[in-house]
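One structure follows; several queries about it will come next.
First chain written, first letter: the chains are A, B, C and D, and each begins at residue 1.
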Amino acid sequence: MSRAPLHRRLLTVSGVDRLGSYLVVRVDDPGGPQPEPGQFAMLAASERWGGGEDERPYLSRAFSVARRRGSESHFLLEDVGPGSRRLSELRAGERLWMLGPLGRGFTAPSAGRRAILVGGGVGIAPLAILQDTLEQDATVLLGFRDRERAEGAALLDAAIVATDDGSSGHHGLVTDLLAQEIERDPAAVVYACGPAGMLEGVRAICEVGAVPAQLALEAGMACGFGACFGCVVPRRGGGYLRVCVDGPVIDAAELDHVDAHAGAPA
Amino acid sequence: MSRAPLHRRLLTVSGVDRLGSYLVVRVDDPGGPQPEPGQFAMLAASERWGGGEDERPYLSRAFSVARRRGSESHFLLEDVGPGSRRLSELRAGERLWMLGPLGRGFTAPSAGRRAILVGGGVGIAPLAILQDTLEQDATVLLGFRDRERAEGAALLDAAIVATDDGSSGHHGLVTDLLAQEIERDPAAVVYACGPAGMLEGVRAICEVGAVPAQLALEAGMACGFGACFGCVVPRRGGGYLRVCVDGPVIDAAELDHVDAHAGAPA
Amino acid sequence: MSVSFCGLELAHPIINGSGTFDAIAAARAFADDLREAFPFAAYVSKTITLEPRAGNAPPRLWETAAGLINSIGLPNKGLEGYLAEDLPQLAGMTTVPQPGAEPRPVPVITNVMGSTTHEFSALVEACEARSEIAALELNVSCPNVKTGLDIGADPLQLEQLVRAVRGLTRKPLIVKLTPNTADVAACAQGAQEGGADAVSLINTLRAMALAPAEREAPGGHRAWLGGRTGGLSGPAVRAVALAQVAAVAARVAVPVIGMGGVQSGAHARELMDVGATLVAVGTESFREPAAGARIARELGDTARAEPAISEESVR
Amino acid sequence: MSVSFCGLELAHPIINGSGTFDAIAAARAFADDLREAFPFAAYVSKTITLEPRAGNAPPRLWETAAGLINSIGLPNKGLEGYLAEDLPQLAGMTTVPQPGAEPRPVPVITNVMGSTTHEFSALVEACEARSEIAALELNVSCPNVKTGLDIGADPLQLEQLVRAVRGLTRKPLIVKLTPNTADVAACAQGAQEGGADAVSLINTLRAMALAPAEREAPGGHRAWLGGRTGGLSGPAVRAVALAQVAAVAARVAVPVIGMGGVQSGAHARELMDVGATLVAVGTESFREPAAGARIARELGDTARAEPAISEESVR
């Protein structure tokens, strides 16, 4: 796992690209450590972070590293509130604070085993950098609410798409596709990130099929480095895990269920 | 006195011009009432009002109307803190909230009496719109800290300038110039706006010379329309005046002295 | 939207917080006829005392992160001046719930504060005699002359005070609680036991500000405010208000007027969801004098939510 | 910049607030050697209880206007686990006042909380036996099992509690006061009478948040936080902290650790100007883990200001 410098970094946005209803924000991070797939960073605009809806944001916001190209880190943003909105307003040349890379990422599949990447909505972000680093081709299953969001699938290669409204790809849940894939190849390994409902579906399917699954969870975070104990999810057998330091990527075997608050914005 | 609509207005900045170390922000206010010289408006950026120094600004900020051209109101801004800074960042096409015009303005001199306009720093703003409306020529005396600020004098016609550092015009206080003018013409009427120290100097000189003086005061304001009772200055004979509704233009005869907090940023 | 409160029929649940809207000054400042289309469903006067008060020396304001500290010092004309000069001007205002709707009367709620039970009694008796006053609000954030602590911070003292004045008026008696206490619900209960018809909260949180380095400190010893300390209001206190209103509403049977940092209909709805019958708007009116009307409109649009939360749920 | 506090020599006056910095987790998360260049002059542990605690059900966080509500629920390994597993890892850290300066030791201050005097005694006794612990901080924001009110909110109860444990340790005894009380200065005085060597404040203000309309409410009855209510911290509370620290410092003779919304050296300086000897940083570290070091640097740059303000000046 790559570890973050203690000091947050003031970095410059090198560019922003639209991807359906999402934005890809490219940040130049020359000095920064190479993030591993599944790791995240805490981001905050350097100017006017605040004064939005309900006089927020105040705290930094967590975003998965979606891609690393040379010294550039890419983030996939969905505008769901004051923090993501402010970050979505950033233009090339404007600056933001970054702390990271943080958390435990994905572990690559043992040689020969096929990886199935299952993503939902903006939760596809960490799967892109994972696909970039996998030696062999992976099966990519991505679910979205609608056609405009489904354009986000372009972030990955050879993605099979499902939409809730059937406006593109399979009409239904991405977990339907996963069930079929697992039937076809019970030896596969599953990597998933998305809304809590989807992650719980993935967890249940993999449990039944005895397929190992690594789930990239989300949770409201204040710090991102284990300081506040705010980002917890219930652990199998009792107690809690801190998503920021015990995760965000957590082995499905460690969970009884995926907490309703532990997923990406639906 | 022009009265403000109860509903604050969402208006568009039509342009911003540099004037020495100040900015002239032009706001298009088609529906708005004609402001009278000495009246002010409460302004706030419509987006990201907050998130600056110490997580401010939160409240609106008071600014004198510096000029009215057709449907455009002009404001002279000096960046002294998070609110004025945010407003200084506004560009043409961006929007702000305006409540106003508010307060009691200047009363024109009785026919035949010469008006002497005395301004200090950003406090010259209300004297510009006053000069625009005076029938006969007025004597204009403006004091500034330094040369760059002194460029603000261009806001008025035929201004005689004084600077603290002598970098342009008279080396010294604008009140020195006022004393001379009053000696020359004891029948003059004085209109002044500026830092508290300057206003107190003007008040004292006029008291001695028995010259009527109208002082445009400033005070930290939360509301601008008499609701909070926060903007007070001590009144001669006891009690307090609310600068926003009893002023901002107050007859010097109503004051024993000008409160140290009742002036423009020095 | 119309709501009944202690026998008063209000056009909507949004009123002003005491001391945050001067209807008389506003009627002069604004072109629109404020008296006929008042932004609030009821008008709460600023705190009136027996004798006239000039208020605190300036500065009286300090802006904080998403908040405001005020140290106004309750300036007012005193009971006589209020009843003789102000009350007649405050009576007879109307509000227009929605554009084009029937104008509805705006009842006057007079907020009073004494430093002793005697003073409170004199204030209440005098108000009882005036038909223009629809209800009374007791500001009990007043220091007990002996202990120096707010009378309203002690449930027992509060109960005794309310009981002492209860008999002096048939008008609805609202007690404005202080938030600067260990157990605001116990204070609310004390007020109820004493005979209060309703409670209102939160008043401002005791706070302080120091003068900027470059400025002199009128309060002495670096203190910015002429009154040295002041009260914090605005969005910064909303989460505290929500907790205190929830705790109080879960404890007492009388209706609750909730306030503290309300900026929108959604915020008002939250206070009502935890048990408030009416919601008061204070500091937000400073940014937007018509905020009360906007918030009432937004409140009408927000969907009805679940009932007040129970005692346990706010422990 | 170096300062002595209850016999401890600290590199500078900036420490962390209990529960806002997990040095063990941070040492794993960060590449720089946190143990050798720790951002704070002393390390305050999160609150340790006799038995292990899992903490509250999520969600545990809610962002407010310039603030944060937390409902963490004091998760910890319990006294044994802390002493056996954590304390050895917390001992022996150093801090570097300025780039290139001599590393200075970072004393460990252990924060403990019991629900009874017995529990507090057991915690204090066990800590007294451990040389790695330089000082103790008592978290007295714990509900009295009978009254349900915080023990720390009642000056008398607090005095008795402190007196009961005072004899059990020779280490400096700090009492972390609760701000949710009518008279925090009286509570501080109670702690002093009981034998406290110092007091620290403010802890978080009781606050609440409701779930967004579209989300379920884990706390039940619309409450967002699994623990239903929580504590407010961050810039939103700074003005309240300043008033309470000023009131306490003006009342007691023992040193005061001031905290609440500190984001900069200027903010720390303000708390020291009203009488704090040390300043703790909590929520700001969440945005910037190295905030402690930055604030200490900024503090060194700010000019010395006037002495603590007197009792009258904070009334």
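Quick notes on this one:
Keep in mind that, in the parts below, a contact is a pair of C-beta atoms (placed from the backbone, for glycine too) under 8 Å apart; a residue touches a chain by one contact, two chains touch by 3 or more.
From a predicted model like this one, the values you see are computed outputs, not experimental measurements.
Of the two chain pairs shown, A-D and A-C, the one joined by more C-beta contacts is A-D.
Chain centres here are means of the Cα atoms, and by that rule the chain farthest away from subunit C is A. Computed centre separation for the pair subunit A/subunit B is 53 angstrom, with centres defined by C-alpha atoms. Separating the CA-averaged centres of subunit B and subunit C is a span of 34 Å. If you average the Cα atoms of subunit A and of subunit C, the two centres end up 47 Å apart.
Multi-chain contact residues of subunit D (touching two or more other chains) are listed as 62, 64-67, 234-235.
Shown for subunit A are the residues that touch two or more other chains, namely 50, 54-55, 58.
Taken chain by chain, the contacts link every pair, so each chain touches all the others. Chain contact summary for the complex, subunit A toward subunit D: residues 3-8, 33, 42, 44, 50, 54-60, 97, 99, 102, 219-234, 238-240, 242, 245, 259-262.
By the touch rule above, subunit A contacts subunit B in their complex via residues 47-52, 55, 58, 86.
Residues 66, 235, 263 of subunit C touch subunit A in their complex. For subunit A in complex with subunit C, the touching residues are 54-55. Residue ranges on subunit C touching subunit D, taken from their complex, read 62, 64-67, 69, 148-150, 153-154, 180-183, 205-210, 213, 219-223, 228-229, 232, 234-240, 242-244, 246, 261, 266, 270, 273-274, 303, 305-310, 313-315.
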